[in-house]
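I've put the structures underneath this note.
Okay, so chain A shows up in both of these, paired with chain B first and chain C after.
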Partner chain A sequence: MQRLRPILRHLDLVAVMPYVYLIALALALYLKFPALLTGPGRLNTRATAVFPLALIAFSQTLAIATRGIDLSVGGLVSATTALIATHSGAKGFSLVLLVVALLALGLLAGSITGLIVAFTRLQPFIITLAMWSIWDGIAFVVLPVEGGTAPPGLLRLLLGNVAGIPKSVYGVVFLYVAWLWLRHTRFVIDVKAIGSDEARARLVGVPVAWRKIQVYVLSAVFAVLAGIYVSAVTDSGAPNAGDQFILNSVACVVIGGASIYGGTGSVASSIIGAFVLLLIPDLVFAFNLSSFWSVFFEGFLLLVAVTISSVVITFRQSGAG
Partner chain B sequence: MTPDGNTTTRGTTLEIGDLLRRNAPIFLSYLVVLMLFVAGVAKSTGFGSTDNIRFLAEQATFIGVIGLGQTLCILTGGVDLSVPWTFTGAAILTSILANQHASKLPQVLLLVLGLAILIGLINGIGVAYAGVPPIIMTLGMSGCVEGLMLVYTGGGISSYPPAALGNWVLDTTVGLPNLLWVWVFVFVVGIGILNFTTLGRSLYAIGTNRAAARLAGINVRRMLLVPYVISAVGGAAGGVLLMGYTGQAYLTMGDPYLFASAAAVAVGGASILGGNGHYIGTVAGAFVLTLLNALLILFNLGTGYLDIAYGAVLVSAAYIATQRFSAR
Partner chain C sequence: MGETEQLTEAEQSTSARSPDLALVNIHKSFGGVRALVGATVECYRGEVHGCIGENGAGKSTLIKILSGALHADAGEITLGGRLLHVRSPHDARKAGIRTVFQELSLIPHLSVAQNLFYGAEPDVRLGRISVRSLRAAARKVLAEYGFPGISPDLVVSRLQLADRQILEIIKALISKPEVLVLDEATSALLPKQVEWLFKTVREFASEGGIAFFISHRLAEVEALCDRVTVLRNGEDVGHGLMTEMPEDRLVELMLGRRIERLYPHSEPAGRVRDEVVVALEHFGAPPRLHDVSMEVRRGQIVGIGGLAGQGQSELLLALYGARRSYGQMTLNGRQVHLRSPSQALASGIALVPEDRASEGLCLSLSVRENLALGNLHTISRGPLISPRREQRLVRSSVNSLHIRLRSPRQEASSLSGGNQQKVLLGRVLASDPSLLLLYDATRGVDIGTKTDIYQLMHDQCEQGVAILFYSTDASELANMADEVLVLHDGTIRARLSGAELTEEQIVAAAVGGGKQATRA
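Now for the complex of A and B:
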């Protein structure tokens, strides 16, 4: 064990693990049922499923990096799909106006959450739990049961191919590349500083309140964007459309190796986490199991991932001390 | 911090004032219960009838029974998000097994209790020994139990409780339904643990400062197992009781109780950071949520408005609790 420590310290196991999970699961799928991985249309199906989750995992990574969390994203996705489904046919509501109004709603929602997080001592977990309930309630009031349609213009805009490649693939690649640029900016450095030690970050001049507001506004706006995309993909609205994204986005971040206690996190790893998570239903299908097993394995993978990173961190700390 | 009146050397007036000030959020939550109840009576006189009060208490029991474990978890700075699926899982397993083996209800209940303890132990071991954050540990566990229940039931069941169980839950003993006696039992256990045992004091100490608790000689890891086991057992008991009470078990029956149990604890004045709060507050929290539900039905408002009201109450209550925190 003594000899292992220096190796473990140099090889950042936590950062490598998401890629290990991805390769292992993709390989298992490839060996068992290659058509599910490489068959025609699979790239589009996979990227279409991953893109909205990757959007939310993007901002969830930043929220968790500040030692916060945003559970309200699910309610906002639901409210967005409900509003689109009930307003798509309305007169005087052009597509542009609808999207602008929804983004303004996201801005408002994020500002409210961000202001409460920044200027009170309330825990983000409780605030966003309450906001989730409130936005879920609004979604139910707007659209009590699943239904409605999305504007045809929205479907034309978001679905289909450009130069032979699905638009969803561009979306995922864009998020990945955006992070490669963003991770070196003042914003992300500040966000991680807040998560590591908020008092010290404040002392060295990090605008703590402003950064937190930015993170929760980004989170709400991304949730609205994900909601718009989900509306287009399902061509309907549902008052519970967003529920799956709450726990799944947190799972992506954790599978991506970030600590829920803040200060760490990589959106790139979280996006890999989204791919890993969404490979599970395919694997369950490939192994001819009942689709309900995927719920179990998603939970199980989350436990495996979090246990490995927790034990590695404890091990590293005890090695250093 | 705790309404244990642990200030024997001081004068009585000071003691009472001190008690009031320290437990202001708890008193406030009871005040909210009273206000909501008065609002109900003002809208409809039948709201204040004995029958309706008993009905409200029965409705609140499920949150109350789950709430003890959730209170203890939150007290130590954790949380148990797996409650909805221990709740649903226990109900469904009991109904399926007891209907297959009609004469073996006690054995079935013992098996369910054993499985609940196992779930709680795994949660506790993950949190205490592997150092896994409680949110993630219990979230993962929730997914595992949900998956296993879906596989076990084939994904679509709505089944009925064994007749003996339904009868027992609704039967009255000494004027109260057995359902309420269960809550009384949970209440006594909760007060007993928090006010009169080393375990209770240790949990407060762990929630306030884990390192200091360890230095004070508390076996932090072993103590941390207890809240998660109690939470799992409470969740299972809540599920079985709700099934007996409503006469059915279905896969989404536990869904409302994740939010409800955490919200009841927060409305009862506990800090989600740990070290602060009491089961007496959670009881008020359970009544606040139940009364809100009853009031919105009285005013003909649907579930959407209930969700909005729950969210607003949760934020306000949590805000008030932090005010006390900064005043100390």
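Now for the complex of A and C:
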């Protein structure tokens, strides 16, 4: 134990765990049903599924780092796909105009949420829960039933390959690399400070209200972007397209090792968490189980991840004193 | 005409000058409580100005007003002759005021380097901070101030309390402030670190800074400060050069009355019984307590001394069931192995923990709720709390401990440090323990409350309670304990009692010299 301690002290277990899960699950899948991992088109399918989740997990990581959470992302994704589906065939249609309008909507939505979070003592959980309902409601009003199509221009832009590699892979890699640069910005440091101890952060000069607004605006804009992407991928709109992203994005953040109490978080780890989470349906299929077991195992994985995280933290605390 | 005192040279020069920092006639009330009623403090450049006062005298409030964390209701602050409008911590920083608070302001999840340089990082491009230059700058600063051992990348929550306090002080100094305010800055420091602080603060003052030092430790104020102001009940009741204010005069000003002695007199022979309450045989608790054998009898006060981190924390926490332990523990004759604090409480052991803010009290709850917590079984009838019993508990605690508050309904966070400690004691004592564990119970507590706590300890002992207390104050140990065990490296290095129980012996044993224990 004494020999292990210096190694353990330098090894950031929490940062390493998501990669351990990834390798473990990928290996299991490879051994059981290799085609699902490395078969033709599998990378494309996987990256296509991961990219929108990674986008939302990106901003969710930041929201959770401030000791908040954004549940409204689901509603915004749904509303976005609904609006695209019902407006793509309109007369005088312009893709650019549509996208700009949607982003403006995201900006507005995020600002509203951000202002309420920043200037009232209401819990982000409650506020974003309400916003989720509002945006989901708008989605249903606009598009009561799944249907419609996505503009062909959008499909051309977002789908397909560049230099033989799916565009979604570029997207995911871009988000991962962007984080490596962003994590040392004042913005991210402030976000962590707010989650760590908001009162002290304020005392030290962190612009708390402004950062909170920025976080929720980012969250809303990323949700809209994810919605646009989902629209293209499914070539349709659905009023409940966004629901799966809410808890899944939180799951990614947790598997990534962040604490739900704030102060920590790594988007890179959350993105790995997205890959890990989306391996589970494949594993369920590979082991010949009914697809309904997916949800069970996703929950089970979450339990394992949280348990390991807290064991590591307890171990660290009893050592350091 | 009478006698006219000759002014000393120093006095002549400064009384001719107008003060460089003056807080004049400051008033501040919180609801119905008048915290400051026209307090005036005048400080001069090049001097270390000490501010002392009893529990609730207004020192913390004054500091918070100076630091921009609170607004004064009336009064003005001038710095260098200019009137200051300090409406926020930001304004205070801009004016060149840096404060080291009693409750630290380091952000737990950020690193040492990030905390040190927040807002003033050396290399920032496009909003992105260069990690390498930040680390290098932190390393340079830490070495410069004499602490090359602290790693700049270490997350602050993993530092010991003393190191965190040092970091807080360095952080305030590196921005080269005009005014350095220290609120109970020494409370968590080891003697050597206190020396470092004094040296650093004196350097700061001699380079033209204004140092404002608040401490309950009179000895420190006397050692460090050139000038002192005494606060009592929200106003200044005396001020002057340190050389002209003898200790008993200061104490008298602080309390408004003379106190005969700080430590109550008590004959151990009268109150110590033969019955052993707790006995430990080769007792240990990871990671730092290895092998301790000792016993505490009814009515006895056993003190634990030694430098910080030698196992004292593990000892007290393990006795309270809050830490894993090994070895033999006998409680009232029966062998026990405590696995949880609730088990300890049920067995009659109570603990007053190290950090009252995070480990002892629930600051966002009311005083009433804090007192009731941990005593719910005595004030409940079945599943419901009996309001009458709760009220009786609260009233008796507040009265017997002289807790100063507006109402039991007020939030515990609104009480001063000393009063908070009393609430914690009240809760702990209400459970009627047979063994009372005190972890540095008088840290950050003023002299009046300290006396109350010492008297309380003796009263409890008269009633047959056994007390085991850890203190970083050697004088406190020497005067209060019947026997002192000095810990080093997880074992007892010295057992002092009787004639050998002196402050010097305790300190000597703690640092390595002095009488060594003859049995393990």
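Heads up, the rule we're going with is that the second predicted complex is superposed on the first by the 311 of 321 C-alpha atoms of A that agree within 3 Å, B and C clash if a C-alpha of one lies under 4 Å from a C-alpha of the other, contacts with A are read in each partner's own complex, and residues count from 1 in each chain.
Simple rule for what comes next: contacts are C-beta pairs under 8 Å (C-beta built on N, C-alpha and C of every residue); 3 or more make two chains touch, one makes a residue touch a chain.
Note that this is a predicted model, so its numbers are computed, not measured.
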{"item": "Partner chain in contact with A:157 - chain B first, chain C second, else both or neither", "value": "neither"}
{"item": "Touched partner set for A:103, first chain B, second chain C, both or neither", "value": "neither"}
{"item": "First, second, both or neither for A:247, with chain B first and chain C second", "value": "first"}
{"item": "Partner chain in contact with A:197 - chain B first, chain C second, else both or neither", "value": "second"}
{"item": "First (chain B), second (chain C), both or neither touched by A:302", "value": "first"}
{"item": "Of chain B and chain C, the chain that contacts the larger number of chain A residues", "value": "B"}
{"item": "Complex contact set, residues of chain B against chain A", "value": "79, 126, 130-133, 135-137, 139-148, 150-151, 154-155, 259, 262-263, 266, 272-273, 302-312, 314-315, 318-319, 322, 325-326"}
{"item": "Chain A-facing residues of chain C, complex", "value": "69, 89-90, 93, 104-110, 114, 118-119, 124, 126-131, 158, 160, 286-288, 309, 313"}
{"item": "Residue ranges of chain A touching chain B (in the complex, touch as defined)", "value": "69, 116, 120-123, 125-127, 129-134, 136-142, 144, 239, 247, 250-251, 254, 259-261, 290, 292-300, 302-303, 306-307, 310-311, 313-314"}
{"item": "In the complex, chain A residues that touch chain C", "value": "181-182, 184-187, 189, 192-193, 195-197, 200-206, 263-264, 316, 318-321"}
